[in-house]
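Labels run A, B, C and D following the written order; every chain starts at residue 1.
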Amino acid sequence: MTLPTPLTGVVPPVCTPLTPDREVDVPSLLGLVDHLLSGGVDALFVLGSSSEAAYLTDRRRRLVVETVVAHVSGRVPVLAGAIDMTTPRVLDHVAYAAEAGADAVVVTAPFYTRTHPAEIARHYRLVAERSPVPVLAYDIPVSVHTKLSPELVLELAAEGTLAGLKDSSGDLAAFRAVVTGAHADPRIAGFSVLTGSELVVDSALALGADGAVPGLANVDPEGYVRLDRLCRAGDWDAARAEQERLCALYGMTGVGDPARMGAGSSGLGAFKAALHLRGVIACPATAEPQVALSEAETERVGKYLAAAGLL
Amino acid sequence: MTLPTPLTGVVPPVCTPLTPDREVDVPSLLGLVDHLLSGGVDALFVLGSSSEAAYLTDRRRRLVVETVVAHVSGRVPVLAGAIDMTTPRVLDHVAYAAEAGADAVVVTAPFYTRTHPAEIARHYRLVAERSPVPVLAYDIPVSVHTKLSPELVLELAAEGTLAGLKDSSGDLAAFRAVVTGAHADPRIAGFSVLTGSELVVDSALALGADGAVPGLANVDPEGYVRLDRLCRAGDWDAARAEQERLCALYGMTGVGDPARMGAGSSGLGAFKAALHLRGVIACPATAEPQVALSEAETERVGKYLAAAGLL
Amino acid sequence: MTLPTPLTGVVPPVCTPLTPDREVDVPSLLGLVDHLLSGGVDALFVLGSSSEAAYLTDRRRRLVVETVVAHVSGRVPVLAGAIDMTTPRVLDHVAYAAEAGADAVVVTAPFYTRTHPAEIARHYRLVAERSPVPVLAYDIPVSVHTKLSPELVLELAAEGTLAGLKDSSGDLAAFRAVVTGAHADPRIAGFSVLTGSELVVDSALALGADGAVPGLANVDPEGYVRLDRLCRAGDWDAARAEQERLCALYGMTGVGDPARMGAGSSGLGAFKAALHLRGVIACPATAEPQVALSEAETERVGKYLAAAGLL
Amino acid sequence: MTLPTPLTGVVPPVCTPLTPDREVDVPSLLGLVDHLLSGGVDALFVLGSSSEAAYLTDRRRRLVVETVVAHVSGRVPVLAGAIDMTTPRVLDHVAYAAEAGADAVVVTAPFYTRTHPAEIARHYRLVAERSPVPVLAYDIPVSVHTKLSPELVLELAAEGTLAGLKDSSGDLAAFRAVVTGAHADPRIAGFSVLTGSELVVDSALALGADGAVPGLANVDPEGYVRLDRLCRAGDWDAARAEQERLCALYGMTGVGDPARMGAGSSGLGAFKAALHLRGVIACPATAEPQVALSEAETERVGKYLAAAGLL
């Protein structure tokens, strides 16, 4: 299908369920997609950071995108991350994602290498030239260690290189500059501005964002869909209450003991534990070398779910 | 062949010559290897940062390691970088490198993901368990955004997980802690401590390092071999003079205009321009999305070569 | 006067007008205070980052706080920054600010030193114990290079150490955690949560912030007061339009040529140029070693003012 | 006295002994100075980072410099740190230090503010113009969050703005660029290049540094003087052994529990505990808000002293 211009609403970055020996658990992945679609989400984003794309071999990445695209079968758009260090490696991921039928690819600035704005612009231009599907920029400085400036994003949007932005920078002021810049420029009509900051989705929508890509929507898709609809209806008080409920639920990402694991192991571990406790996926394993949650930490995830009425 | 314990001397990180359309230029790669071997180097390191590994697709990486290992044919050890974000992806690179006959693999801490020391330790243990060849740690915070602590390196060395360290951190005090820690612990006998800081090779060898992995040795292998031999002979005054000559030559890495490109484009561009000017490789192209040196910048590289007596 | 609990509304960080030889320009400072008060602001914050506190000698700092407190004479609360590296030095600033009659002091985490959360907590406890007036935390990682965690702020609030937070971190999700945490805990009633992010004041107020400390309010106090009142009235569409107008005006902070000066010189230079062009202060000089705006750059500030209807 | 050109040898950054209520302990300070002078050091550096200058009020800073200069009475040069955020504040410290008779001042780049290279250059030029005594640059990125580039240091040296560099950046390659650049330029004759990296003093001297400013020399001045003399004599093997002994002694800086305190509290706490255990100072207290070492941690300091033959 064609990517809507703009893409709006809730676009969960789909977790990648794994078997105990860390292969993609295809039945659970299908179950998770059904869970999200029945929750009312507007599109799916596979192979993003919450999907543990950084931990999946190329074979597993390809399996994920093929499985999801085939299963969704055009009911909603499917975006695929093409996460790698530089242009040539990204293009290899773009190729199989497009071949599998993804409706768009999501691409970060180069990383591992030291990168200059001119090189970032060149990167996006080369990827877009050679990609059969639209390209969205993925701004995630915590991983990539560069921030995409609003000026650069708007320039690449105006020239037709970029079809959208998925912003996980946490910098709402810069995000707003993209939103208002895009609205002000007729050449950028249809550009999709999506926030990846799951704790301020109401704020992002209030200032004009098109949609949200919240990792926590794996756990509670209905909640984020409700939040999106309340924002669109201008019912800001109810939206804020729903957002605060989701912020409380997000507390689960902090259950992991920081003496024993990093924030990634804790956060992705909590999402998967929650999906397992809710019966959506068969096994809560995260990819290596992440550290697993303990039994007590998993119990605390359950308490967050119960408090949110999700168990 | 078996990796020497320890590996000593000069181990250039071999540049990857490219054709104008950015395929691996195999004849130039063979020529470069011959140039390095005839310069007297003690081992080769392919697919490191100076090899533009971050820019090479898997197919090209595999071609590089197969080509070099076959050509070297056991004359010196060949180490191969297995540079990727996490354990499962690194293991895919380890597999083809070992299959091609590399004598050891060189592996960074996880990157892109947010990483905890416990996860880094787990990463190295999992990689070492499943690698058919010895594993060296590659400490390069400018790319990976974490520093390997001497304590962690020594712990992983003592338990047999790591066979060596390639240190590109620029932190000589921490490097020294690994060197003296390794010397003090009989369990760590044979551990290879190599510096990647091409401007202080004399300092590193003086404090007990086993060897050096200098990118600039692509351009002037004889110079680094001479430096290494002077240090081993304890002729510190001559060593310092040779190192200062090489530091002056290294000035070539700054020829690129910082308004137009990053330090990587400038530095790798200069190495390749120098190899081209010296007649070692057929084309100075760097991988995308790096920015090419201008004609004037390339001329300045030539002046550095001339000043060093290399043209 | 007693600090309101909570302090609400618009609290401009008052610029410090300087003479051409960089002494405090007292008549201009009085004029600026009148300009702000007649603009309807709810309190004043002297000796903050926008006040160039980092550039003022102790003598000048003392003169500023004495001048402003005396002139305001209780019409609105006056907060004073006590910006220095560590507890003992901060306490020296607290002493003269309190003596001058400031209603509260605003204090960052220690900087220059390497600091641990336990040391930050100890710092605030020691300052609060010895301060005659309430203490607000000033979270400004761009200057201090540590972020105050919501957990730490709420703990210090609950025990009575902190009376409020001025958040210039740009991290709205963490800011929200403080706002909702404060609302949820009866021990924290009256705690003032203020945003220093002038581009998302509407967002901050919508999620429950008590007020804003926008540097740009020096230039357009009426605009920020209008924005605050619209938010309080729940007129979010009009608030967004006003905020967007102010965001456009904020573009003035980018007039300085980045090849010639840093973001601070450009931003503070623009505020002062604007105040000078609007006739509020006599001289646009910024403190040393900041670089002055050129004539052309100053003209561009004028265009921003004109576009916003302020000239 | 006049600052030697260059200043050479061992220049300890003198710790500031405090009483239990955190006043400067003048008798202990005099005792420490005697201990250092009788250890054979070549100059003294008061009010540096190891002196806890960041924690001392102006009154205490002035007392320190007056006390030490008067007591030393010209036997060796006394350098004084003038550590503050910006030019005008630094100049206040320069004034009393020069008035007290310090032979030079040591000044960092601006901090807390966001700073551009042009502003850093302007800062040093303004300070040098108005300072009655020579100015050395203090490069300490861990505190200041900018690195002084060798190019900038050499430019400021060549024009006569800077009389020397105290490098605590840990970047030996950049340090070497200053050393060789200074040796190559006749305009920079007499410029003093000093390393602040106490673990690689032998390396720094081997590549041409003039001297060292090692915090650990408070604890073992004889050791550093011996190391310096061995290096000057070209006895590199003995120098390396002495340096390794001092590196082992430096292990004391890691005694503090990282769950309970930062690296600063641990390191400065260890130096002061060692001076107290050795009978040089009356009280091991560090300034607020640093966390004190526990009794067990202090015992471990004693073991380091004993192992080094210093108890």
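One rule holds in what follows: contacts are C-beta pairs under 8 Å (C-beta built on N, C-alpha and C of every residue); 3 or more make two chains touch, one makes a residue touch a chain.
Note that the coordinates shown come from a computational prediction; the quantities given were computed from them, not determined experimentally.
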item	value
Shortest path length from chain B to chain C (each step joins two touching chains)	2
Labels of chains that are neighbours to chain A and to chain D	B, C
Rotation angle (°) superposing Cα atoms of chain A on chain B, nearest 5	180
Numbering shared by both copies at the chain D-chain C contact, with half separating same from different	same
Most remote chain, CA-based centroid, reference being chain C	B
For chain B paired with chain D, centre-to-centre distance based on mean C-alpha positions, whole Å	35
Multi-partner residues of chain D (at least 2 other chains)	none
Every chain pair meeting the contact rule	A-B, A-C, B-D, C-D
Residues of chain C that touch chain A when the two form their complex	170-173, 176-177, 180, 197, 199-200, 202-203, 206-208, 234, 236, 240, 243-244, 247
Complex contacts: residues of chain C adjacent to chain D	22, 54-58, 60, 83, 85-89, 91-92, 110-116, 118-120, 122-123, 126, 142-145, 258, 260-265, 287-291
